[in-house]
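Here's the structure, in structure tokens; my notes come after.
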Amino acid sequence: MNSAAVPASPGIDLSKPRMLSNPKLDQWICFWSIPVFYVLFGIIFVIFGRIMPPPTPAMATADIVAFMTSPYLSIAVVLLAMSLGIYALNSGLMLTQMKRMEGVSPVLRYGYIAVLGVGGLPGCLFPGYMFALGAFRPEYDAHIQVMLYELGFLCFVGSLGCFIIQYTLFAIAVFLDKRQLFPKWLAYFSIWTLVTELVAAPVFITQTGPFAWDGLLAFYQGTIIWVAWQTCLTFYLFKAIKEQPIEELGLPMRPNEL
Amino acid sequence: MNPFRNLSLFQNRLTHVWAFLVATTLASWWLGGSAHRIMEGALAQERFTTTSIIIAIAIIKMRLVIWHFMEVKACPRWLRWTCDAWLLSVAIIVLGLYRFA
Amino acid sequence: MQTKDQLICLWLVPFFGLAFLFAFWNANGFFPPMSPTMTAEEVATFYQDNLASIRSSMILCNIIGLSLVPFYMVIIVQMMRMVHASRVFSYSYLIAVVNGGTMFALADLAWLNAAFRPDRDPQLTMLLNDLAWFAFITPVGFFIVQNFCLAMAILFDKSAQPVFPRWVAHFNIVTALLVAPSACALIYKTGPLAWDGAISFWLHMTTYVCYVAVMFIVTRAAVIRQATESSTHPQTWQEQAA
Amino acid sequence: MSNSSFTYEQASQFTEHLQGPSGSAPDKPIARVPGQAAMWFFVVGDLWIFTCYFACYAYDRAQEPMAFLQGQLSLSQDLGAFNTVLLLTSSLLVALCLKATRKQQHTQARQLLLMGGTLGVCFLLIKAAEWYVKIEAGLPVMSGQFFIYYFMFTGLHFMHVSLGLVILTLVYLELKKATAGNLAMVEAGAVYWHMVDLLWIIIFALLYLM
């Protein structure tokens, strides 16, 4: 890999005084955005929104209207709209570390960029807007409120495609990585995540039971496995940044290589 | 060329296991097929007996696959125990929930 | 020399920017924006009365909706010229740009859909209208992160000749902060934070237009500097290191 | 991985050990896991995830036994049993392939693997045909919980088999190279393929017979 020491070259001024005495500070900023993001995520979806754990699809209309018109729901979505972008930082860090893998061409990284560029919208922000719409205008007819409620939860629990490709690309990258930046079992772990995510596929056809959007399999199992996976991934990202040799930072980097 | 050369198929334990697995599959197939007959009476108790036998056969089959095909019988103790614990849990969970839930 | 294409992408900005301004000026109810306090019937009547202008403007917006993407890509290429420990901010910037662009496309499609069948149930027209305004005004999170990344990239730049001057970093942070309160348009129907209010709309739009104008000027300067530098200096870092 | 340094001499000792000197059971097991430890991590975890599905299935089945029984009767037990035999045979072939690999009979191993993989493909084709018939018969008939479980279980298993075929293909390519480092990979692939077999045995019992 890029084991060459940082060359003293006329284009680079290493002596610049800055808060940047830690050469990995950029990565650390992105790393610490991960816990920040997930704490916010919890505040938004669990405390304010009451979106997680989800209420049942088979709720009575009056209850749905009461859920949708809760003022806390709007606050949750405002926070979401302000902070969802942070996941771009998390993904950027992931890509930076994937770049270090050996025997992995950029193709997986580019796929990852594309998938993450799309992923958060159908699965997170769009459902948020559905809830915000209902909370914004309590005067909507009950049947419109019900539709918004369902659209919100179906998108929130049921949008799978982007994440499935994300887990696949990650698993392939870890399998091929000769450098073992992430342990092999994490790749297998992401296949479990993929499998448990797939089980959310029937949320669109059932209203009760384990495959409904509040179901034991479609929601709880998938969420538990995903949380465990995300925790392990975060831990290994931490390790990867910490153990990244200083010589590998910075140069040589080709200016046009993403 | 014969792909089975030098494998002494008929004295091979893998083949014996396989033959036993196929035989039990056919047996449980016959048992499960009798669901057609029980259907009318719908006797929960009788159905439970059949179900228990079918699950038991499946557990035995899985144990054989794990033991001989996956070679767990020669593995460290923790793996053998993990696999057996799993088999036992599947049996208890499935039959317990089916019977008492 | 990899600057000609960058300059082409840059010069698309004034062209499409004028088209955007025209589209918003042309559409009744967007400049100044319609009020969120309108009832469903009023919204429906509004669409019936202003069909031609809304449709023409929004179709124009639909066509040019993502025309600022090449501009942002020029900024990314300039970020790549900076001397960094990693590419982490470039990646994050790219993902944030993609997300922000998608939300604008969604807003535009919702407006067009509301205008497609003006005699439908007024509640549905209002729903589409609300969705469009939400998607247009409130997804500020991506803009914030995008600017944050650019600002950090500039502050972390170790080039002896900085690609962007340092004040651009501060400028990016300030614009992000000015735009941030617009997310509250999801709650308020009146006052400065409503989607037609002084902060959520006027400040947001003014900031954005100024932002694009200023970034256009500094990015152009950076590209031109790249052109002169690369004619005298080695092109790649490897060559530089050699 | 420490297993990649596992040599053929050790492998033949291991095989002898498995078989026993004269077919008898080994006195003391060797502390070794076939394939990669990571693969076993995956297999055990995957089995537990499936156990959660089975638990939900058993619970729901107990709630409305008649509806489930009716759904079950509309499946073809014969095709299911045939598919089971296919997978069992395929498993045997892959196990034999591993044996041949340990004896460094790479050509023979490839032949056996190819046959095993072909049976896997047959399994998928039959499964697809079964789905096709079911969907042609009309989805409204299959509105009950049972069919959601049916499609979920068989669908997930289908996915596992497809992944298994990809893995077998990789193993095949590895066997073509016939280098000494590939044994761990053949073992890992075999373990995965047997797990697919394992899952089908219990799914067959739960969905078709129970």
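Letters A, B, C and D mark the chains in the order given here, with residues in each chain numbered from 1 onward.
The definition used in the following text is that a contact is a pair of C-beta atoms (placed from the backbone, for glycine too) under 8 Å apart; a residue touches a chain by one contact, two chains touch by 3 or more.
What you are looking at is a predicted structure, and each value in this text was computed from that prediction instead of being measured.
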item: Chain whose Cα centroid lies at the greatest distance from that of chain D; value: C
item: Rounded Å distance between chain C and chain D, as computed from the means of their C-alpha atoms; value: 52
item: Centre-to-centre distance between chain C and chain A (centres being mean Cα positions), rounded to whole Å; value: 23
item: Separation of mean Cα positions, chain C and chain B [Å, integer]; value: 62
item: Whole-Å gap separating chain A and chain B, where each centre is the average of the chain's CA atoms; value: 41
item: Residue numbers of chain D (touch at least two other chains); value: none
item: Pairwise touch network: line, ring, star, complete, or other; value: line
item: Interchain pairs in contact, sorted by label; value: A-C, A-D, B-D
item: Residues of chain B touching chain D in the complex; value: 1, 3-7, 11-15, 17-18, 21-22, 25-26, 28-29, 31-33, 35-36, 39, 42, 44, 47, 51, 54-55, 57-58, 61-62, 65-66, 68-71, 73-77, 79-80, 82-83, 86, 89-90, 93-101
item: For the chain A and chain C complex, residues of the former touching the latter; value: 4, 7, 9-14, 16, 18-20, 23-27, 29-30, 71, 74-75, 77-78, 80-86, 88-89, 91-93, 95-96, 99, 113, 116-118, 120-121, 125-126, 129, 132-133, 136-137, 139-141, 144, 148, 249-258
item: Residue ranges of chain D touching chain B (in the complex, touch as defined); value: 14, 17-19, 23, 25-26, 29-34, 40, 44, 47-48, 51, 54-55, 57-59, 61-63, 65-66, 69, 72-73, 77-78, 80-81, 84-85, 88-89, 91-92, 94-96, 99-100, 103, 105, 107-108, 111-112, 115, 190-191, 194-195, 197-198, 201-202, 204-206, 208-210
item: Chain D-facing residues of chain A, complex; value: 183-185, 187-189, 191-192, 195-196, 198-199, 201-202, 205-206, 209-211, 216-217, 221, 225
item: Chain A-touching residues of chain C, taken from the complex the two chains share; value: 2, 36, 40, 76-77, 80-81, 83-96, 98-99, 102-103, 106, 123-124, 126-127, 130-131, 134-135, 138-146, 149, 152, 155-156, 158-161, 180, 183-184, 186-187, 189, 233, 235-238, 240-241
